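Letters A, B and C mark the chains as written, and numbering starts fresh at 1 in each.
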Amino acid sequence: MPVIRKHLIRPETIDRIFKVLTLAGVLPAMLLILGFFAQLGWNALPAFREFGVGFIFSTDWDPVMNSYGALPAIVGTLVTTFTALLIAVPLSFVTALFLVETRGWLGQVLSYGVDLLAAIPSIIYGLWGLFFLVPFMQLHVQPYLTWIPFFGKNYNGFGFATAGFILAVMILPFICAIMRDVFKMTPAILKEAAYGCGTTRWETTIDVTMRYGARGLLGGIFLGLGRAAGETMAVLFVIGNSPGIPKALFDSGTTISATLASNFAEADGMFRHVLFALGLILLLLSLGIQVLAQWWLNYSTRKVQGSK
Amino acid sequence: MSMKKTIIGMLAGLVALSGVAQDSKPVLNGAGASFPAPVYRIWTYQYTEESGVRVNYQSLGSGAGINQIKAGTIAFGGTDNPLTKEDLDQSGLIQFPMLMGGVVVIANVPGINANDLKLNQEVLSKIFLGEITSWDDAQIKALNPTLALPKLNVTVVARSDSSGTTFIFTDYLTKISKDWESKVGRGPAVKWPVGIRAQKNPGVCTAVQKTRGAIGYTEYTYAIETNLPMPQLRNKDGKFLAPTSDAFKAAGANADWENAPGFYMMLTEQPGEKSWPIAGLTYVLLHRNQSNEALGKALLGYINWCFDKGGDSATKMHYVPMPENVVKMIRKEFENITFGKVEK
Amino acid sequence: MKQFRKKPIFRRKLLDMSVRVFSLLTLCFALFCMGWILWATFSHGIKSINWDFLINPSKPWGLPRNGIANAILGSLLVTAGAAAISVPPAILGGIYLAEFGRNTRLGNYLRFGANIMMGIPSIITGLFIYAILVVPTGNFSGFAGSVALAVIMFPIILRTTEDILLMIPDSLRESSLALGMSRARATLKIICRAGRTGLVTGILLAVARAAGETAPLLFTAMWSDAWPTHYFTQPTANLPVLINEYATNSPYEGVHSMGWGAALLVTFAILGMNIFCRLIFKDPKHD
């Protein structure tokens, strides 16, 4: 029986057009990424020309003399991120464990609760930090912790400890969500085999689940790292904004994003190029982390799926 | 589908809003110093209501104000960091003082209220240099024998942004301390030896409020509104006094306006028993050539209104309006403003 | 395989129990922090919320009938604009990735790129849009703000669209093709319709995320006291920057209160949207 063509245009042509259309919708937007680098690099170039590559390692910050260095901001970003991870990773790990083990509606509700933490806008975290956490740290926490090495004797509530803490609370839901997914992906048979040998839950987690999902867990940590490194508003309000390299956790300092946010509005001339240069450094830093994380997660997902 | 319709509807509304609401009256945008912002915001609002010409002022800091007026993105800039005559001529700007006010020191020391604390030039500069680090230091005690000073770290709070208030304060510190002059100097943003930073005057006030043992500097109105204790300072004549707008007025009484090109004047460490040592002027910058005539005329209308009718609001907010003779000089300067495109 | 050390059973059980207790404490701690933040926002903000607050535009402190209506409207405009800019290309891209690009090289590159985009700090996005939109035109604008937010929203919607479409079983696709439909028709009329709840949820969640962003708006839309009538040519009032201004850039207690009130509005609106999305769309991955 002959096929009756009902369409005016052949379906294959429509499909081809459709495919091109969807691609055309998305491709230009993606080219923006290249645009980011190009534009930042263009605007940052004069700063590097003026100060050379040593800009990255210089600790100068003298607006009067127009001499700038990126090191304090870079170190600040690294310190806050590292502190945040130090606090957030173990906490997310055990929280994710607990949530995965809890069955039924209670587990769901609690998971939603933790996920909601991620939905709170970052400026709210900043306000909470400035108005509540800073006095709290100054009066009730820091006075009792000055004996710990690297914590410092001079404290005022602002500084890396407070900023690190707020960042930790902010990235906890992200890392926790990824860890929950990784834990669920562990094949039940492996866990049951371990229980069959007589291990406790914690031992199973350490020796079986964590080993199995190590790459996924690491990927989650990288994602949290990227998020913490780029955070602006929450850090801006509590970091103390002093352009020096910190010697202790309770010291004040600055991060790249905080420096950008506080100085961009009134910067001109070389200062503006310096700020663009800082932005470029931050972009490279966070992209480097992202690329690493993406590669790691892809690798781990493929490995997991491959073994099924 | 209905989602798409909603989006299209919103877009259309957007376009309509931006198209239809084109004002026929000019809009004057200003930005700059946070020093006078409390009263500028009242003035712009009142003037907009009265005359229909919309005037906006954004408190971004003197540095931002200077940049933006030079870049041409605003009609008038506010700064407490006056430009030199060379700079003005080069950028084609004219500058004139709008108000007098005072920079005060604020301190958050538990148990010390209002104007109880006395600081002299030496102790003040040492604190900001980081050489005095505790509130129970002997040098502070010597000036305040009756006060119970706690053993508490001193946290200096300075500005992180480019600020005219900083310029006035560091100018004062430079005048009273040779150490400060050689180590740090004056400027809208300097390399503070110690302490944390905050953004704009309110930021400094909040940081001092939230930190026990903090000391900072800010414009008088902000300190009053935030209820922060302001130590008494010793003026050039050796008297300790608390900041008041009369003290600012007294500081401005001896200003020699005849010999001030571009109205450049610093009122720190002025003689007079009742003079506040850190008084200051806040300036307005305009383009000498107003290429848009309607906008330029509207701008002058606003400025003249500020001089004529703005005095009451200014005094209520603890600023001091310029004296009559200076306003006359300023109005004379306005005659140099040209309108319309000029062939260079 | 690691040999289990011979530990007395008591010690192992103790360790297990202590970890369990620690997890519970940590969970309570996380929820406590959230509760603290929400309570702080609520208690400080609730005193400013009243009818006047919601329908009057912002004015300098001291004048009567002060409100944040212009910022509310401005935020709605800027966010809607961002959605209008980012949603169409993102949905198209998601369709491409799910239907045509499942294992292709180009598809993988696009996916990779989108994930990278999601990691760009929002302040860098603001900087970028400032350089390409604000500087050449010489003015701040709500439109520039929308573009900045659109850049943030785009990869999120792209990813969720792809995820939703991938969850729809291929049998649906195969049966529609068997009926003689073109791929285009099948995708648009059948697949998208089947996943419409998920797609809408994805868009709403991205909108919620963008609505709370402050850093990208700082140098693009900035803020103003006026009603947002000049969306393309003048700074546009918006809630996040207003919160920033009012809470940290003013000495008056009353203004701080207003800032908290605005913060309360934004927080609960965003949380509300998130909860709503979760209720209408149960994500099978997270349960």
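Structure notes:
Criterion: a contact is a pair of C-beta atoms (placed from the backbone, for glycine too) under 8 Å apart; a residue touches a chain by one contact, two chains touch by 3 or more.
Since this is a predicted model, take the numbers as computed values, not measurements.
Chain pair with the larger contact count among B-C and A-C is A-C, by C-beta pairs in contact. The chain with its C-alpha centre at the largest distance from the centre of chain C is B. Here the spacing of chain A and chain B, counted between their Cα centres, is 38 Å. Note on chain placement: the centre of chain B and the centre of chain C lie 37 Å apart, centres being C-alpha means. Per-chain CA centroids place chain A at a distance of 16 Å from chain C. Multi-chain contact residues of chain C, defined as those touching 2 or more other chains: 248. Touching of two or more other chains is recorded for residues 199, 206 of chain B. Residue positions of chain A touching 2 or more other chains: 130-131, 265. The part of chain C that touches chain B in the complex is made up of residues 59-63, 77, 80-81, 83-84, 87, 138-139, 200, 203, 222-226, 228-235, 248-253. Put simply, chain B touches chain C in their complex at residues 3, 7, 10-11, 14, 17-18, 21-22, 27, 34, 38, 41-42, 44-45, 54, 56, 58-59, 71-73, 199-203, 205-206, 221-223, 225-226.
Residues 2, 4, 12-13, 15-16, 19-20, 22-24, 26-27, 29-31, 33-34, 36-38, 40-41, 44, 88-93, 95-96, 99-100, 106, 110, 112-124, 127-128, 130-132, 151, 154, 158, 180-185, 187, 208-209, 211-215, 218-219, 240, 243-244, 247-248, 259-260, 263, 266-267, 270-271, 274-275, 278, 285-287 of chain C touch chain A in their complex. Residue ranges of chain A in contact with chain C, taken from their complex: 7, 11-12, 14-15, 17-19, 21-30, 32-33, 35-36, 39-40, 43, 91, 94-95, 97-99, 108, 110-117, 119-125, 127-128, 130-132, 169, 172-173, 177, 180-181, 197, 199-203, 207, 223, 226-227, 229-233, 237, 257, 260-261, 264-265, 275-276, 279, 282-283, 286-287, 289-291, 293-294. Residues 60-65, 67, 70, 153, 155, 160-162, 185, 187-192, 195-199, 206-207, 210-214 of chain B are the ones that touch chain A when the two sit in their complex.
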